[in-house]
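What follows is one structure encoded as C-alpha cells, with my remarks underneath.
Letters A, B, C, D and E mark the chains as written, and numbering starts fresh at 1 in each.
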C-alpha cells in the first residue's frame, strides 16, 4: 500500500476522533445541565452561556461594553509586549554576545525569574500605584525573562563557523552583531516572543485583580464574586480564543520573517 | 596565548562583575533605605528584612511556624507534581505513540493550555470548594500541559531508526513502547517536568489566595494586607531560594537518570 | 539448500525476490522513486548496490527490510510476502541507531531480549559477537563513549548476534575515514565468510563495491532502475597483504572504469 | 614575487610561516594537540595536509586562519604576526556556513559588503564568481534550496570573490559522493590555476591529496607533528580525459602506497 | 497616580490652588459617602474632576495610599490604625459612621452554632485587617476562645457572600450590604454595637493624604461640607437618602433604610465632642480608640509594633471640621 495514501487515511480518522471528542463533550455538558445533575451555579447550561454572551456583547458588563473590557486587556498586554520587544531583545542579544554584559544582567534575571508574579505584584502595586502602570509592569516582567533568556541562548548556540566565517570575509565585530548574530537569532527571538506572550497572557488575570474595573480578567474575577459562572465561562471562552489568535498572529509574522526556519 | 587560560581568565572577570553587581545592588538598597529616600513601607531596610526573617524563623507567622508555611506550600506543590508525573507522562507517551489517542486528548489540552490559571481557578473553587483539593487541582492543571506536550513532542522526534531498528531486532510494538520509546523520551520528560514545576511554583501564590491560612504564598499576600513589606521581602527571598532548590533537585535526578544527555 | 533449475544448472536457493517493484512517495503515481525493479538475492550472496545519490538505493533496502511497502509489485522472502520488519532481515544503518541508555553489552543483547532468549544464553552469544568485533574491553561502555567506527561495529554485532538470514547494510561506512573504513570492510568480509549469511550492501564507493561483492548492481538515477549487474570475484582474492595487488590489477581497474562510465553517462546532478 | 635565497636558488616569496608552533586545548601544557610544527607556505603553492583523524589538522588550519593563537611558537603572514581572522586568509569549512537568511548572491557579496566595496562593483564581482562555479541560474535561491555540492560551490565563490592571498580549506568535500567530489576537485584546481592564490587543503583521502597538491604534508597522530613532506606534480598532469591514466600510473601508486604506509605504521585507533 | 504628583500641585500651593483631579476611594457601606456620590455632589461642590475607586475593604486602601494612588478615602478604624502605625502619611479628618449592628458575626442557620464558643473548629470568614476582623478577634477573646482553634479565613465581602452560598463557610463577620444578604439564611451571634458597649469601638473614618491636605485644604473643607450635606439630607429626608443608597449599593430601598439605622451617623459638630475628635487643642477619644486598636494588632502579631499615643494624636486632625464649621 502507498505510504502517502496510508498517511492521508490516518489523518482523516484522527480528524473524526477529534471532532467526536469535542461533540461528545458538548453533549455531556448539555445533558448534565439539562437533566439538572449539577447545579446551575457550578456548571451553567450551554444555552445560558450563549445568552449571557449575547447579553454582554449587546449591553456590556458592569458599566463597560465587552469591547472595552477586551480592549483594555489587550492594551495592557500589547503595551507590555512592545516594551519587552524593545528592551529584552537588544539586551538579550548584547548579553549573549558579550559575556561581561551577561555577567552583570544575568544574576538579576535569574533571581526574579522563578518568582510567582503574584508575589512581587504586591510590591509593584506599592511602588507604582494601582493604575495601569503596575499592571503593565507585571506583564512586562512576566514576559521579559523568556525573551531575554532565549536571545542569550540563541546567540550562544550560533554556529561558531558563522562568526569565524564572517571574520575571514572581512567583517568586524560590530558588523557581525548586526549582520550575523541578529539574523541568526531570529528563530530564537520568535520562540521567546511566543513564550512571552503566552506567559504575559497567563498573568493577565492576576494583573487585573487589583483595583481594575475593566478587562476580561477582571470580568471573570468579578463574576466569580457573584457566582455568575455563566459569565466565567464566557470570559474563559473569550480568553481561550484570544490566546489562540495572538499566538497565531506571531506565528504568521514569524513565517514571513524567517522563511528558512527548520530548513537549514 | 593559551585558549583555556584565556577562557579561565574571562570567567574570573565575569564572576567579579556578577559579584559586584550583586554587591552594588545590596549597597544601593542599603543607602536608599538608610538615607530614608524611600519610605519603609515601600522598601524595607535590609536590616529590617533580616530581623523579620529571624523573628519569623523563631516564632512563626500568624499561629504557624515558618516550617509549617513552607511545608504546606511544598505539600501542595509536590502532591500536584506527583499527580502530574503519574498521569501526564503515560498519557503523553501514549498520545505521542498513537495518533488516535492523541486525536482524542489533544483538543482538550490545546484549549485549556493558554488559559490564565486564575481564570479557571474561580471555576475550580466553585467545583471543588475552598480546601486543599482545589489548590492542588490548580497546580496540577498548570503543570500537566507542559509535561504532556513535551512527552508528545519527545515521542514524535524519536529517530525513526530507533524504532525501525528495534523491529528488525525482533521487538513488537509493545516492547518498543517500553524499551525504546520510554527511555528515548526521558530527556524530554525531564524538560517537561522542570517546566512543570516552574509553572506550578509560579501558580502557587494564586492557589493560596483563596481561603488559605498557611503557605508561603499566603504569607506574602497576608503581609501585604498589613503593609508588612519586610515580610513580603522575606517571603520572596524564601520563594526565590526554594524555587532554585527545586529546580536543582530535578536537575540532579535528571543527570543521574540520563547520563547520556547531550552526548549523543 | 541447493536446487537444480530448469536448465539443470546447480543453483542456490532464492532468499529474497522482488518482482516488478515500483514505489512512489506521494500519491501521484507518476513520480516514482523506484520503477520496475526485479531483484533476487540467493543464499550466501554478497550483493553490492551502487548508484547516483537519490537514485533509490535506500528506498529499495527499506522495502526489503519491510519498513515500507511497494506501490506496485511484490517483495517476497522465502516465498512469503514481506509484511513489516522482523528479525530475519537484520539492518545496519548508515548512522548506527544504538540506544544511548544501554551499554555495549545491553545493546548487543537487545534483540535477544526482545525475542525472549534466556539471559545466560543471550549473554554468552553477545560476548561471542562482541569479541568478534574486537570490543571486549568496551562491553560496559556507553555508546557515547565510543568512536564512530566502534559504534558501527557494535551495530554490526547487534545485527549479527540475532543470526538473521539476510543482512541489509546502508552505506555503513559512509562517515568513516579511509583507514578505519578498510578495516571495517575486512571485518564484514570475514563475518560474511564465516556466517554464510546473505548480504545486501549499499555504497557509493565503486572500489568498495568491487572489492566486497560477489555481485555488483548499478542503478540508474531517479526513477531508480537496475542498469547493470556484474559478477565479481575480487572479494575472495583480497586479504591483508595482497590487497593492493588485487585492487590495482588490470581486471579490477577495467571493471572499475566500466562502472564509473555507467554512472557518468547519466546526466550528472552537479555540473561544473 | 621572486626572491633569491642564501644558497642562490630562485625561490618564491614566503606567505605564511609557522615556527615551532605548539598548541594545547587545556591549560595542562603536557597535553598538546600540536607539537613543534614548522611550516612555510610560499606564494602560489597548493599544499595538501593528510593525517589520521584527530591529529590536529583542523587545529593547524585554525591557527593559520587566526581563530586560535598557538600556545607556543609564532604564526606569521607576510612578516606580520597573525592576530585574529581577517579577509586575507579565506576559509572554506567542511560544512559551508552559508547564511540562510541571504540568498546565493547576497552570500557571495557578504564579504564585499562588510569591506564597504561599492554595490555595483561588488555586484559585478559576485556575478563573475557565481558564473565561475556554475550557479548563475541559482543566484536568487536561498541556501536551503541547494544541494550539498551546490552549497560548497557557493562557499568557495564567497571566499574567492574576496580575492584572499591565502585560501584555507578544511576537508571541503568530505560530505560529497565520489562523483560530485571529482567535479569539485577539478573546479578547485582550475581556480587555483587561474587565480594564482596559495592554498592549504586538508583531506583524509590520499588520492585526493596526491592529485591536487603541489606539496603533500603527512602528519602524525596526536600530538600532531609533521612526519613527511612530498613534492608532487600530478595536479599539473591531471585533466579530464587522461585523469585515470595519471591516477593509476606507477609513480602515483608508489607514492600512494608510501603515504598509506606512513599513516598505517602509526598505532591505529581502531583495531579489528 | 494620585494628583499629589501632578505638576500643578508643585508650582502653586496657594489657597485657591486646585488639583487636576481628586482621587477618592470608597467602599460599599450604607453611609453618607454613597449618598453624596449617587447624588453627584462631589463633582459639583469640589469644582474639580473626581475619580472614584471602589475598594472591597480598608486594607487595599492602605496599599493605595502607600503607593500614592489616592488622595481621600474611607477606611475603618482598624486599617486606619495600621496605616498610622506604619506611617502611610494620611490623617483622619472625618467620621462617616460609628459601627453598630451593621457589622455582625453571622452564622449559617444550618451550621448549628449557638454561641461564640461553638465556633471552635468552624470556618469563619472575615476580611483581614478590617474593622470586622478586629471585632471578631475581640469577640473571641472576650469569650476566651483562642483564635487558633477557629479556622479564620480571609475573604473580601463579595467573596464571603459567594462562599456562604456555596456552603464553604459556617460563619462570617462582615458588614452591610453583604451582611444583610447573609442573614437571609443566618442569624447573628454578636455585633459591633454590643462590642462597643464593652469598649471595642469601631468606626468608618475619612482619611486624607497629609501632602494633599496641606496643598489643598480648601478641597478637604469642601469635602466635609458635602458629607454634612448628605448628613442633613438623611436627617431631613431619610427616604430620599435611602433611595440614593439603594441605587448606589444595588439593594432595595427598604433594606437600605433599615441598614442605615444600624450605623450611627454623626454631624460635623458632634464629631468635635470629646468622645470623638475633640478639638485640635485637646484630642478626643478617637485617638485612643486608634491606639487601642493598634496595640491589639501588635498583640495579634499583625503589625510588628505600635507607636506611642502622640503619633495617633497627630494622626487625627480636627482642624478641617473646625474650619468647615466656621
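Quick note on the criterion: a contact is a pair of C-beta atoms (placed from the backbone, for glycine too) under 8 Å apart; a residue touches a chain by one contact, two chains touch by 3 or more.
Everything numeric here is computed off the predicted structure, so don't read it as measured data.
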Interchain contact steps from subunit B to subunit E (minimum; 1 if touching): 1
Most distant chain from subunit D, judged by the mean position of its C-alpha atoms: E
Pair of chains joined by more contacts [C-beta pairs], A-E or A-D: A-D
Centre-of-Cα separation between subunit C and subunit B, whole angstrom: 49
Euclidean distance of C-alpha centroids - subunit A vs subunit C, Å: 51
Averaged-CA centre spacing for the pair subunit E and subunit D, given as whole angstrom: 85
Multi-partner residues of subunit A (each touching 2 or more other chains): 41, 122, 126-127, 224, 227
For subunit E, residues that touch 2 or more chains besides their own: 63, 66-67, 159, 166
Per-residue multi-chain contacts in subunit D, two or more chains: none
Complex contacts: residues of subunit A adjacent to subunit E: 41, 122, 125-131, 133-134, 210-211, 213, 224-227
Partner subunit A, residues of subunit D touching it in the complex: 65-67, 84-87, 89-91, 93, 95, 97, 99-101, 110-111, 113-115, 142-144, 158-159, 162, 164
Partner subunit A, residues of subunit B touching it in the complex: 10, 13-18, 21-22, 25, 41-42, 99-100, 102-104, 106-108, 111-112, 114-120, 122-123, 125-127, 198, 201-206, 209, 217, 220-221, 223-224, 229, 232, 235-236, 239-240, 243-244, 247
Contact footprint of subunit A on subunit E as seen in their complex: 1-2, 53-55, 60, 63-64, 66-70, 156, 158-159, 161-162, 165-166
In the complex, subunit B residues that touch subunit C: 159, 161-162, 164-172, 175, 179-180, 183-184, 186, 258-260, 263-264
